[in-house]
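Here it is, the structure in full.
We call the chains A, B, C and D, going by the order they appear; numbering starts again at 1 in every chain.
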Amino acid sequence: MKWCIVWPDMINIAVIGYGYWGPNIVRNLALLSGVRISWICDMNPKVLADIPRQYPTIKTTKNTDDIFNDKKTDAVIIATPPKTHFSLAKAAFDAGKHVLVEKPMTTTSIEAKTLIKLAHTKKKTLMVDHTFLYTPAVRKLKEIIAHGTLGRVFYVDSVRTNLGLFQKDSNVVEDLAVHDFSIMDYLFSGKPISIAATGMNHQDLKQETVAYITAHYPTDLFLHCHVSWLSPIKIRRMIIVGTKKMVVYDDMEPSEKIRIYDKSVTVTHDLRMGYRSGAVIIPKLGVQEALSGVVSEFVRAIRTNKPPLTGGTQGALVVHCVEAATKSLRSGGKAIKVS
Amino acid sequence: MKWCIVWPDMINIAVIGYGYWGPNIVRNLALLSGVRISWICDMNPKVLADIPRQYPTIKTTKNTDDIFNDKKTDAVIIATPPKTHFSLAKAAFDAGKHVLVEKPMTTTSIEAKTLIKLAHTKKKTLMVDHTFLYTPAVRKLKEIIAHGTLGRVFYVDSVRTNLGLFQKDSNVVEDLAVHDFSIMDYLFSGKPISIAATGMNHQDLKQETVAYITAHYPTDLFLHCHVSWLSPIKIRRMIIVGTKKMVVYDDMEPSEKIRIYDKSVTVTHDLRMGYRSGAVIIPKLGVQEALSGVVSEFVRAIRTNKPPLTGGTQGALVVHCVEAATKSLRSGGKAIKVS
Amino acid sequence: MKWCIVWPDMINIAVIGYGYWGPNIVRNLALLSGVRISWICDMNPKVLADIPRQYPTIKTTKNTDDIFNDKKTDAVIIATPPKTHFSLAKAAFDAGKHVLVEKPMTTTSIEAKTLIKLAHTKKKTLMVDHTFLYTPAVRKLKEIIAHGTLGRVFYVDSVRTNLGLFQKDSNVVEDLAVHDFSIMDYLFSGKPISIAATGMNHQDLKQETVAYITAHYPTDLFLHCHVSWLSPIKIRRMIIVGTKKMVVYDDMEPSEKIRIYDKSVTVTHDLRMGYRSGAVIIPKLGVQEALSGVVSEFVRAIRTNKPPLTGGTQGALVVHCVEAATKSLRSGGKAIKVS
Amino acid sequence: MKWCIVWPDMINIAVIGYGYWGPNIVRNLALLSGVRISWICDMNPKVLADIPRQYPTIKTTKNTDDIFNDKKTDAVIIATPPKTHFSLAKAAFDAGKHVLVEKPMTTTSIEAKTLIKLAHTKKKTLMVDHTFLYTPAVRKLKEIIAHGTLGRVFYVDSVRTNLGLFQKDSNVVEDLAVHDFSIMDYLFSGKPISIAATGMNHQDLKQETVAYITAHYPTDLFLHCHVSWLSPIKIRRMIIVGTKKMVVYDDMEPSEKIRIYDKSVTVTHDLRMGYRSGAVIIPKLGVQEALSGVVSEFVRAIRTNKPPLTGGTQGALVVHCVEAATKSLRSGGKAIKVS
């Protein structure tokens, strides 16, 4: 088949897990030049049965060994439930593949460290899909903060709520707070000193469904995030409060995601606090799909052999934060040090 | 002057403090029949100077003794900063007056107890202005919950944020979280077991400006409230999540304040969690001004000698909660028992 | 009574009509220095009975002659139904008073002309309450347009809808479209060439309840306004589309009333139309109450003997437009010339 | 190739035009069982070049004759600019194919009639893609109105505005008002008596970019629609006002598209109009993609040989309305009879 010629430098990528996120990954990969999707693997035969209709040239399998044993496959993308990330990534490195794994990278920080070492030993790329860092909105936030527009940042308040989807082997911190931890790392290049969290388990569910997390960072900065699978309304909103200006990033807005408020607190002569309120600016954002940036970055990292924006180190930090938050939740809100 | 005739059972009320809230109280009092406003007291001479133009029959003074010594004045309404509530209320009781005091009733629970005793000894009404309990929206919430519409309530999430107004002698918990504590008491007739809070002080201000508070109530119910004087957007929103339905109460909405979501979590046969999502209902609410209900209730309590909806007990509970939250804030988030 | 001393240059103003708008006028007048409210006149005895409680120094009457015969009264403000405006204003001029009349100034343009002549002959101020021209939002629109920010303006789209209040002797054009005609006059200093309108009468009501009006102005500018008393949602929104930028003025927004969109249409090389979309800016607006500006302007005009911003000429133009729109409505949408 | 076996009753469909809408049609067709996409035709070679990557089994061509001459192709879907609809549909019928054509079916009603006759003669299905009739929201509107919930409907107010996309050979009426005409036909089974329209042409463009259209239907019902390619904000909203209730259908809302307002006008004893305002209900809607319903309906009509919901008759009516509206626009707003 003419349209199947393998370019000399074509990268062959297999996708493991074809549930909610997998099809989006495949769709974005398919648009990338220099890349060939070699395999899609899923345990659900029904899911596999539908693939040839849409992607007739991609082989399908229920058995990951088909992928790991395929010499022609250079890299794997792992889009399975969190509990399986470590063993699949490990097997992939052992088979000499590059690895892009969904967030959270692993479920424990020991596993995260092991993967980092393994990637280093095998001289392969380890990347984690911290999707939000590839959105035009978060890129704009980074630009605003780096430019000093906000002055010193006091705190970040994040709310991520909706109804469901409950996951059997994962809690709401792993599902939603990971975004906040990775965004904070990206925006402020800092690691939290300590994390405390309160919340609730749903009665019939072993996993946390609602969490309120406070993370303290150096220089008095702190993050509070409210994550919930048990809310009637879907909210995805971060508020960043600085000494000079304040920003609201509402990801539910179709285009006006970022609003910069020319508002701040002032100290008057008699030491009374006042406040200043000026115009609001809503900058124009690009429209790139985040996942397109993710897969491009993965390919770039493989080709250049340089670490990706969201590599093992970034992945491990986020896992560390999730671990601390969950530990605090289960200890009644005790602040947990993030060493 | 004909229009000045004192009815036999006319209640004479003095208002102490004519800053932000005082004028609203006077405006509502003025519309009440059977009531005469005898005095307005404020320390700011400019404020007093403008009153005769609008209310020529009300006497004004900088000296509260003019009120306490006035035999004809039956009751006082105290709308001054929190730190002055106790001493003014005490002096009022000592002078044999009924007392309605702004929220929070006092700044310490010892003061609160003292006022309750004093009111009891003097056989006078002690009432606190927990305004929200007199709004059509909170009345509707009470009705919904009492009717069992929501099933068992898992948790209440409240957000009250805006920019300013910073107050010198008061923190954001006293200013905003009082509403949540009083609403929770009204809706669920319960007292929190423990309260934990994290937050921040503004650098130049001695008082807390942002707080995240978790209060645990009996039967696994909990409240989280986020209160802030340091936010670019004004939010006043409570979410109440039950086993059967969920409610959002958005006080910033001009008329559609309450939304009842026919949403809930379900457990499927294979013990997987699903969720159910039906229609949304926005009930019609009355349009009564809350403060009108507050002053009517005060007059009713005085006339009938029966305790008001928001009397000393309710006021003391809220003070207790504020005290616990502030203590937790200052101890790095430790959970404080509310005995 | 000391506080009743009449200053040498005190202006004595009577208010005729104390229904919906009258109390707002009185409240704003009462805050103005150099002004004394001499009379309030209303035909409803219940309404009059409540006034002394709030304004004990203002005389009340059911008889306008009490006002016209009162030598001390310098000016009258007429806040009665439109049908009565002309005769009351005429009588007031005949009695030598200055006149501020609610919108629309009169119900016919002949009456409007008569009042203008009368004011001129009697050397008295004739002003009409085109309220919106005294709002910070419309002032900002004027500034934006005068500054050339929008480029050439293509068209203005205005929507003013809500449910009720139906008025017996008045239609929705007189009630709502007057605002658009006066704002257009203010912003573009122009008079429409022709007006066409379609709409509906409610079955049991003789007056129009819904109208869609198109007004053509010189230089290809046109206004479309949709006014309705029969809509489930309240909308008050003008969109102004220019060659360079576009503005949305949403009067239902509590503070973010004006949004300036950096959007425009562009012509590409191959004569295809493209469009450009940049940032949105929400300017900070002042918070002055419009009616406060209206009564100040009236007093200023009386004192300086200079025409007010919204004098007889402006009032007559708007009456002319209302007349043309209603005529078109009743002729099935025929375009009516505005001579 | 195994996955290419042609089932006995497989319907082979070709898609002509692969610009904005074509890819969506193909995506939905590809998910339909019993259907094989035989060809995609487009004049742009770049567009065709990318297709094999995603759909390797679909043949591509720049020449529609390849399709018309292909005996195995049973049906064509025409997603090209309006001006080409007639000649392509005619050629397709001449070649013995079933035809689904994008809205508007044709650009003149003579062409529309010709196609209807041709389809009848050739005994082939003629269908037009009036997409909105296949959305859960419009289906719900139909249900509400058919059920009598609204009482008698006074009028429908529709607004469809956004910036661009300007089309060379088409005006805003053909682009946007077609939706209103087809929805009105579906909801009320009626044909307008007359249509009047005002609006504007953009200076450099020969086609209308803004239009305000009034269509009168039997029994005093009327539709007003405001369509614009020259607006800073995207609005897609219909308001339906009945004697008993009112509905707002806001298509920009992600899920709460339909709101039923328990509001109406009442006549009091003294013949004064009042109004009644109760709860708002937001029904739960399904989530089916409209285009999926469109292609299913096309296949159903072909297989059953029964007329589709949106067949030639419906298509011709809408073309007739567009024609009348455009004629009125070009005659300065004269009401045009729809015979």
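In this section, contacts are C-beta pairs under 8 Å (C-beta built on N, C-alpha and C of every residue); 3 or more make two chains touch, one makes a residue touch a chain.
Remember, predicted model here, so these are calculated numbers, not experimental data.
Would you mind telling me which chain pair, B-D or A-D, is linked by more contacting C-beta pairs?
B-D
Which chain maximises the distance between its CA centroid and that of subunit C?
A
Thinking of A-B, which of B-C, A-C or C-D forms a repeat of its interface, with over half the contact pairs identical?
Duplicate interface of A-B: C-D.
Between subunit B and subunit D, tell me the centre distance in angstrom, where each centre is the average of that chain's C-alpha atoms.
Comparing mean C-alpha positions, subunit D is 54 Å from subunit B.
Calculate how many whole Å lie between the centre of subunit A and the centre of subunit D, each centre taken as the average of the chain's C-alpha atoms.
40
Quick one: which residues in subunit A touch 2 or more of the other chains?
277
Could you pull out which subunit C residues touch subunit D in their complex?
154-155, 157, 163-166, 168, 196, 198, 200, 202, 204-205, 210, 212, 214, 220, 222, 224, 226, 228, 230-233, 239, 241, 246-248, 259, 261, 263, 265, 267, 271-275, 277, 332-333, 335
Using the touch rule from the top, collect the residues of subunit C that touch subunit B in their complex.
Against subunit B, the touching part of subunit C is residues 1, 3, 30, 52-54, 56-57.
Using the touch definition up top, name the residues of subunit B that touch subunit D in the complex.
Within the complex, subunit B touches subunit D at residues 256, 262, 277-284.
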